[in-house]
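Naming follows writing order (A, B, C and D), and every chain is counted from residue 1.
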Amino acid sequence: MADLFDRLKAECAADWHAYTDHAFVRGLADGSLPEAAFRHYLTQDYLFLIHFARAFALAGYKAKTLDDIKRAKEGISAIVDVELSLHLSYCEKWGIGPADLTDLPEAVENMAYTRYVLERGMAGDLLDLHIALAPCMLGYGEIGKRLAADPATRRVGNPYLEWIEMYAGEECQNACAEEREYIASLADGIGEARFNELSRCFRDATRLEIGFWQMGLDAVRT
Amino acid sequence: MADLFDRLKAECAADWHAYTDHAFVRGLADGSLPEAAFRHYLTQDYLFLIHFARAFALAGYKAKTLDDIKRAKEGISAIVDVELSLHLSYCEKWGIGPADLTDLPEAVENMAYTRYVLERGMAGDLLDLHIALAPCMLGYGEIGKRLAADPATRRVGNPYLEWIEMYAGEECQNACAEEREYIASLADGIGEARFNELSRCFRDATRLEIGFWQMGLDAVRT
Amino acid sequence: MADLFDRLKAECAADWHAYTDHAFVRGLADGSLPEAAFRHYLTQDYLFLIHFARAFALAGYKAKTLDDIKRAKEGISAIVDVELSLHLSYCEKWGIGPADLTDLPEAVENMAYTRYVLERGMAGDLLDLHIALAPCMLGYGEIGKRLAADPATRRVGNPYLEWIEMYAGEECQNACAEEREYIASLADGIGEARFNELSRCFRDATRLEIGFWQMGLDAVRT
Amino acid sequence: MADLFDRLKAECAADWHAYTDHAFVRGLADGSLPEAAFRHYLTQDYLFLIHFARAFALAGYKAKTLDDIKRAKEGISAIVDVELSLHLSYCEKWGIGPADLTDLPEAVENMAYTRYVLERGMAGDLLDLHIALAPCMLGYGEIGKRLAADPATRRVGNPYLEWIEMYAGEECQNACAEEREYIASLADGIGEARFNELSRCFRDATRLEIGFWQMGLDAVRT
């Protein structure tokens, strides 16, 4: 039987496709994405990660078991101890220094998704929170894996290959597999009404992720 | 000395102007706004009001005094007992029936502002929440008053005159005056660091209001 | 089949009995409760009501539907527009003036229950919140009804008869019946794991209500 | 000038004394505390720590800066990666096995303090949360240090000496000093009204700590 994540994707198949096959993503795959679009995305992603660390902290508050708290701590730690530093070094390769990230104004699309996740997680419970996070966590893993496996993906001279390989990499894929299982376990035994709530949340969050890619493209449209 | 609201506006003068003098607003003033843009705005505004009622409920939770609770209740009541019905009848004049409002997908710009307000109010305190609401509550009052007083505003045959007069009306203006005073009282004695936090929140909320007007225009751009 | 409330009571039958048949309650029934105990209870109940108004406000924030918001507003309104005034006049009959209620230190047992409700409601969802409130709302109704129907309850010269009749009265009983149905509707379709969570919450809240009665008795023990 | 913690203690000097010089504490100092009282305290303290980890997670959600998030993560980690294991081994020395800690019913006094902290931290901001935690974090450090320095404290054959030395130890004292400084920095520039709010919170939390000691003693009173 389809697991929860598969069911959620199936319920919003068009939105999920629009997200995972967005022009921004296709531009990463063939290397045609304007660098300014990627830079804008990268700098906003830094702010995004800070709110995602807050979202994992919220998961710790919402925890029902000691194991939930430990997972939440791992989530915060993965961001503040690892990802943010990686992000900073990666940004430097793209000519973005720490000074460019300090007091950076948050893009509306960034506020939209991060606040949606935090608010949904607060109003709902631990499962709602993880469902709101899922398009990001599981979606990036899916995108990375697909692009890395796709023979059409440009390897030589693609400035975005490193990005693709990071999300296609074992560490990220393992984290996704674990998150997917965790979500399924939190949702164990839910009825149809509850599934519909979660489905709506997943679709909304997916739409907000589409907005996040579009933000990158729009930065170079003017 | 300038009161808190004046100081907040002065700190983000360009954004405040971009919001209160947005092309959507100018289109209301001279009647040139495409009706489809207004309809899109109206239907989203219905969903917006529901989250605003939740924001007033949050103010009741965040209350420090019995008076704070009573004000929060008045805020919820104003929306669910009065404004939503007015909105429904107003929508009907524009050919939008209840069926058009049920299960309406929330626009990203709508999610962006409403969730920002709710999340800021939850993470911060009662004052943060009211500052996040201020561009909406006090901004609409300011826009209505200005357009109603402006001789250039088209009166004859302007389909949006009723909208302008609602926000320019005594009831709305009194509510604004009271809210302004309430915010000032909540902020009594704050230092510079706190003002800067509030100022950032006010600017962000103002930018999200700009997005809300733009959403109306974008609906007819394609 | 037993409705949710009956199932919840059955799961913690001993605690429920210890609460609804507490020595404080028996003292109300036969009029033997020391007046100082009742006075202490009454003054703390005033503070309790304020936090209960906040709990209904929280229910408004946690609302999933417009109807949920309206109910939350009714709950706040019932307290701040009606019950608090009734409470104040009732307190006056017992020689407790407004000055005795201002800046009254909160008893630990009072903090314990009110904060538990608010925290549970925040960490959980709307249903958790209502379950945490249920021992109070539905328990008082049950106690009032039973004492009013019990021939052993002292009528003549019982200073607590008015209290009993208030909770046995139609208005209170109708509110209880409605709340009971609302809770059942929110819980529609839940599985066993979810019921066990709710059951634990209900038992904890019941134990905290026992503490609230005991607080009244302890006030005169020294 | 007195730092914030000193001012807060001075404002509720009698309560602070009743907490830090509680009969339970004196029983730790001279070794006269009944072992059953200590065992009850220890088992409840295990549940307490789990909610304290949630409180640090809440601090991560309430964070205003990346540094705030990192500190919150350290707080969670200190509990779930270190203190809980120490607690488990310490419990074993006292004949309390993991089975005794599983599904242990929470004492009312335990619920009272933990939920107060979580609720205050949610309704207020990051500073309110840390002030609600302060009687625990800074109070235990103060008690440990005083008892360790007091020549009257029984060393030989005192079964509680290890407990005293843990809180008097360098690691704990350093953590306290750092927390004290952090709180002072969060409170930088606050006015009198805000101080009074914090003072009330600190006093309430101190009273709830008194209740926690008393819970230990009451466990053997019957």
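The working rule: a residue touches a chain if its C-beta (ideal position, glycine included) is under 8 Å from a C-beta of that chain, and two chains touch if they have at least 3 such contacts.
In this text, all values refer to a predicted model and were calculated from it rather than measured experimentally.
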Task: Chain labels contacting chain C and also chain D - done: A, B
Task: Longest centre-to-centre distance from chain D, chain (CA-based) - done: B
Open item on the list: If I list every residue number at the interface of chain A and chain D, are over half of them used by both copies, so same, or under half, so different?
Closed with: same
Open item on the list: Based only on mean CA positions, could you tell me how far chain B sits from chain D in angstrom?
Closed with: 44
Open item on the list: With centres defined as the mean C-alpha position, give me the chain A-chain D separation in Å.
Closed with: 37
- [ ] Determine the centre-to-centre distance between chain A and chain B, using the mean Cα coordinates as centres, and give it in whole Å.
- [x] 31
Open item on the list: Show the residues in chain D shared as contacts by 2 or more other chains, in ascending order.
Closed with: 61, 118, 122-123
Task: Touch-based graph of the chains, sorted into line, ring, star, complete or other - done: complete
TODO: Show which residues of chain D lie in contact with chain C when the two form their complex.
DONE: 106, 108-109, 111-112, 115-116, 118-120, 122-123, 204, 207-208, 211
Open item on the list: Which stretch or stretches of chain C touch chain A in the complex?
Closed with: 61-62, 64, 122-125, 188-194, 197
Task: chain A residues within the chain D interface of the complex - done: 50, 53-54, 56-61, 63, 66, 69-70, 72-73, 76-77, 80-81, 84, 118
